[in-house]
Structures are given as C-alpha cells and as structure tokens.
Amino acid sequence: MNAFSDSLSLALTLISDPQASLWTIVGLSLRVSATACALGAGIGLLLGGWLAVSRFPGHALLVGVLNTLLALPSVVVGLVVYLLLSRSGPLGRWGLLFTPTAMVIAQSMLVVPLIAALARQLVADALRDGGDELQAMGAGRLLAALLLLAHQRLAVATLLLTAFGRAVAEVGAVMVVGGNIDGLTRVMTTAIALETSKGDLPLALALGLVLLGVVALVNLAAGLLRRGLPGGAGWAGGLGV
Amino acid sequence: MGLNPSVTPLLPAPGLPSLPRRRLGAWALAGALVTALFAPTQLLAQDKSIVMASTTSTEQSGLFAHLLPAFKAASGIDVRVVALGTGQALDMGRRGDADLLFVHDQAAEEKFIAEGWGLKRLPVMYNDFLLIGPANDPAKTRGKDIVAALQKLAASPASFISRGDKSGTHAAELRYWKAAGIDLAAAKPAGEPAGVGRPAGYKECGCGMGPALNIASSSGAYVLADRGTWLSFKNRGDLQLLVEGDTRLFNQYGVIVVNPARHPHVKQALAQQFADWVSSAPGQTVIASYKIAGEQLFFPNAGK
Amino acid sequence: MTALISLQQASVHFGAQAALRDISLTLHRGERLALVGANGAGKTTLLRLLNGLQPPSQGSRVLHRVVDAVPDCAAPAGGAAAAARAVGRPAVSAMLFQRPFLLNFSVRRNLQLALWLAGVPAAERGARLAGALQRVGLQALAGRPARALSGGQQQRLALARAWAVRPDILFLDEPTASLDPSAKREVEALIDEFGHDGMTLVLSSHNLGQVKRLATQVLFLDAGRLRAQLPTADFFDLHRTDLPPEAAQFLQGELPWA
C-alpha cells in the first residue's frame, strides 16, 4: 500500500501547491475533450436522430456499423487520424499534426459513434410515444427527432457527460496524433503514461487522482446546472435521469 | 366567438420561436466562452517553431527541459519534441512530419541520409549504456567488459529483459550480443552446452526503457539501459549498476535536418539554426552542464 | 357543402395484414363524424389515413382546397391576397390522441411550438396563444411544466394546441378514454363547443353515449370495411331494420338495454 499512500499525499501536494505546468496540462485536457464533445454532439446528435427517424435500404446495416464502432480502440482512431494528417497523407497540407486541433479531431471521431448510437436509442424510444403527434402537428422527420432530443434534454446531458468521460480518459489517440509534446500537446493521460514509463509510479498515480478529481468537479457542475434547467424540477428531476 | 379562418394563405414555417432576451444573453456568453477556448491555440500557431523527432530515452533523461529553453532564449525558436523509438523517429522524418531528427543509431542515420531523406549528419554528443542487474549478481557479470558479461549471462539461468522495440537501445543491445558470439535467433538445441544460442532467461517486452527497468526491478532480471534513464529511474528496488565504462558502451547522438528536396514544407532555415547551435560552443556547453544528482549524463563531441 | 377530404377505394395494408379495405367516403365541412366499431376494426387507421399520417396502400386520398369566406372588414378588392383567396388553400387539420404527447416544456412553450410548426406568422402567435389558453381555461397554468398537469388539463392543453392553429378539421382518437368522469365532461364540452363553432370533427370512440351527444353521422367499421354510414339518430334507432348484421350485433353488444 506504500505506493498508494505516497500517491495520495503527492496528489494533495500537487493540488495545494500546483506548478504552472500541472494546470496547463489539466486545462488542455479539459479544452481538448470539451471541444471534441461539442463537435461530437453536433454531428452525433444529428446523425443519431436522423437514423432514428429514417428508413432506407441498408438502414439496419448502418445501425449495426454504428454500434460496432462503439468498441473502436482509441489508438486505432489515433493511427487513422495520424495517417490522414501526416505530411505524406491526404490532409498533410493543413499542417495539423502534433497540434491540439489534431487531438480534438481524433477525440471527436471517438465520441461521435457513442453519441449517435445513444441518441438514436433515445429518439427511437420517444418516437413511440410522440412520433404521431409531432407528425400530425406538422413536424418533418428530422425536426421531430430534434424536438424529441430537446424533450429529453436531461438524458442528452447525461449522454454527453458519458462521452466527455470517454474522451478525457483516453490516451491512445491523443498520444499518437499529439505527440505528447511538452507544453503544447501534453494532456493528463499522456503525462500519466510518460511518468509510468519513466518508472515514477507514485507521480503517475497522483496525476491519475488529480484527473479523477477534475472530472468529478465537471460532473458536479453539470449536476448543478441540470437542476437549474426547466424540466429539471429540483432534486426529483436530477434523480429522475 | 366564431372560428375566423385566416385571410392570408399559410406561410412556410419561419424561424425559431423568439427566445426571451436573457436566454439569448446566456447563449451569447456560451458562444464567447467557446471562442475563448479556441483562441489561445490559434495564437500559438504564429510562433517560430520546429518539430523535432527524438527518442523516448533522450526525452526521459530530462535533457530537453534543460537544453531547449536555452536555445529558445538564444534564437526565439520553439522546438517541439515528439519522442518515439528511433525507428519511428526516422519514419517520421521520411514522412516529413518532422523538421529534424535527434537520435542515436549511427548506422540507421547514415542509411537515412544515403536514401536522401536527410541533409547531413552532425555528431553532437554521446552518453553511455550500462548493464543493470540484481544486487547479488548471480551471473557474476560485474566489471568493465560488456562482452564478457553477456557471455557469462548467457551461460546462467538468469533473466534478461530486452526492449525488443527496434529502438536505438535495442539495436545497441543486439550488437553486443553479436559481439559476444551469441546468436539470439538460434533456439538452444537440447543437450548443447549452455552459452550457445539464445539465453534461457531472455525476454522481449516490446516496450520503452522505463517499463523495461520496471520489469527488471520486479523480477530480479538483468537489463541494458542508458545512463540518463537509469539516473532518473525511481523504482530501482534491488537493481544495481553492474557494468560500465566499456568504450563499446558509448552511444553516439547525431542531429539531421530533413531534406527539403523531399519535403518542401520543412522549415530548413530554423532547423539548421538548431543543428548549428547544438553542435557549436554554446549548445555544447549547455549539454555538458546537464547533470542528474551531480553526475554529467551527456558528453559533447561535435566536430571531434 | 364544401368537401374537405375524399377517400376513393382506399386500402391500407401492413405487410400481409389488411387494416382497411376499399374505403370510400367524403368529409364535408361542418360534419361531425363518429367512427365506431370493435377493437381492431380499423378506426385508428382510418383516422390516420384521413389525416395524412398513413398513406393508402391502394386507392387514393384527396385533400381538397378550401376557399375562405370573404371577411367582413374592408380588404382591397383586387390584388394578390384576393387572388390567393380565390384559389384556396389545402384544408388544415389537427389531431387529438387518447394520451396527449406534450413536450417537456412549459404549457406556453408547447403552444408556441405548435404555432411555429403550423407556420403561423410570428406577429400573430402571441394573440393566438393567449386566445387558445383562454378558450380552454388554462391561462393560470401558462408557465407550468406541461407534464405536471393532470390528465384532464393535459387534454385541454391538447385542445388549446389544436384550436390555436385554427384547423378546418379536428381528428380525435378516443379523446376521453383515459380521463376521470369530471375531466371527461370538461373535455367533451369543449369538443362540443368547437363543433358548434364550425370546426369539422372526426371522432373515434368506444363511448356510444359520447357518440350520441357529439356526432351528426356515425360510421361503423368492421374488419377494415365501412359497413354503415348513417345520421346519428338513424344509427341508434332501435326499431331500424336495415342495419347491416354486424352493426346490429355491435350495438347489441355495446348497448345492454337493446
């Protein structure tokens, strides 16, 4: 248990007497993953909603592919994006490799299937209750899907927090496309990986505890926000999700 | 009250329902925050910067944290280090994803240049490898001769951890086994005397220097490590330094600017500035001044 | 009488199952039709077919253009507005379901959404919204979450939602089946008033008393076919002898005193 108690006290030291580099790393983790989730939400919610309301040959196949992509390993996504953005790759001209932008792109690709698959399920379930009425009121299919997502905004918020958790905790994608460059693309998870490979296990664990603490704060803030939303209806609404 | 049919024809659906003013304000604030999140990353792109591919062992030794700020102060150029294994670093150069390389595998570097991917190889510094092992040294390897040590190791049942990741360290390790006359590829034939063919305890982890040391530490095995990683390694357990000082253990570093003829976007001028600085007096002095626990790690030898 | 919707030998099939066969009928302005029949007879499918929610598998559905009456107030005699009026516009419909689906927003927001979906110009929405709330007596609850209302209040909100878009036709699928007796009375009274105000009604109901109170015509469906279409009084006339046998059996089953 020595390593664990060392890590705990080290984590507390890091938080109470933080060096600028720690907060840079934490800030970058949050920025990259939050941006990726925002992008992922924009694409994923639309895709999921559209899949829930559309019918065309091959629809079942597309849904199957989407559900399979839920298990996409993050390092595979990283490699794909790396090959796309490499100077020798098709998008090399943009010069995006080893920048936070590349990391955002990779993490977006990681969370879009998650958001789309869950959103599709949410809309499909709600469609059974309200699809007819929305159609009778004059809503087109895609609009009905978006209205149903707004109708279930608390569940959507939980969904997005899940996606954020996946993004902020992954290391494979951001390591490959970001390069773990000190001061530029180093995030919490790649810093932990670095300290682990250097053999500094207490520090690696301590950084892990800091990461968990930061994510806990994000969840807390989201929970407070949800209670303030109309339809959240105080504690009952919060628990109801 | 009667139903009064609308006089005007039905219009197509217009825009969103009008939101109360304060909601609009909240959305505007959210939009501003999102923009603010993006802004800093865009500004960074304007600085003078180059991407340098180097190795994990060099980065983990802490040299760059010491060296690069000095260079930035002298030139205003940001050097962005991507640390990989030597093989991957050279591949990065071939793909044009780096402006220059800083690695330590002379044979591979010269091949890189011969293939036309790089301009010129400038020697910069050397550090050295060490044989690390359990304090009680069951294979009796302690001394100054790496080749003799490896032969004794092969004759004993002790474990040896190889990085097995095509890194510069791994390449060096393979050279030493070869110099000791031991063919790792050959399986040990039954009944043959120990010492011919692959040692019984040889294990490949396919990992970096730190993880290899971790494995060695927790399983009482031998491992070949560079001095920099060893000095910074905090999880030593029972491990001790057993063999050092053999000139064959010296590990030469070179810096290569990627050939702009193959990759026109390479920032040749800036990269050349670094290559020149690090192989001349100011850079060499900074290298020599880097110490861990009072010990110098890297020995500058540019132009020698 | 102005025709609003016509069905010509329309059928609806779900796979091999035929839900409606060979339905021909025309809905005229001012009528108040009731659809009756056993469960599975096709009442809901016919409602959805009439409302355009379900396309016919065979046959056709025609939505007629409606020419509005010239308003009393002075309007320019010629011009684009008058020309458009002359051409007419497709009939507008609204629908009520047994359990109304209200979005997880306030009462007011639900109405705003309905107005927006119907394409009502922004300038008119405020007035229509207030009018609709007043019409059904829900002004006090305008800011409440719609899901927090009682069953009867929710159905009244659904009626307000329909009223706000000024439909020519109001379709109702078992609108009071899930309500307690007093809510039933309130909602039925409102529907009756809408009918008297000139809205055309098409009602599907198991409640034959309600049918007698609200409808001008009764359509009896059996196994997807339209077996009878009669004025209400004639349909419920106990001494009538020319009712199709299925209709007579249905009435005997549903009306214990027959």
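Going in written order, the chains are labelled A, B and C, and every chain counts its residues from 1.
In this text, contacts are C-beta pairs under 8 Å (C-beta built on N, C-alpha and C of every residue); 3 or more make two chains touch, one makes a residue touch a chain.
None of these values were measured; they are calculated from a predicted model.
Most remote chain with respect to chain A, judged by CA-atom centres, is C. Of all chains shown, the one whose average CA position lies nearest the global CA mean is A. Spacing of chain A relative to chain B, judged by their CA centroids, is 29 angstrom.
Between the CA-based centres of chain B and chain C the separation comes to 73 Å, rounded to the whole angstrom. Rounded to whole angstrom, the centroid-to-centroid distance between chain A and chain C, based on C-alpha atoms, equals 46 Å. Residues of chain B in contact with two or more other chains: 13. Multi-chain contact residues of chain A, defined as those touching 2 or more other chains: 138. The set of chain C residues that touch two or more partner chains comprises 113, 117-119. For chain A in complex with chain C, the touching residues are 129-130, 132-139, 143, 147, 150-153, 230-231, 233.
Only residues 48, 51, 53, 93-95, 97, 100-101, 103-106, 113-114, 117-119, 145, 147-148, 161, 171 of chain C touch chain A when the two sit together in their complex.
Of all residues in chain B, those touching chain A in their complex are 13, 34, 37-38, 41, 44-45, 51, 56, 60, 64-65, 80-83, 94-97, 207-211, 213-214, 217, 229, 232-235, 263, 265.
Touching chain B in their complex are the following residues of chain A: 31, 34-35, 38, 86-89, 92, 95, 97-101, 138, 179-182, 184, 194, 196-201.
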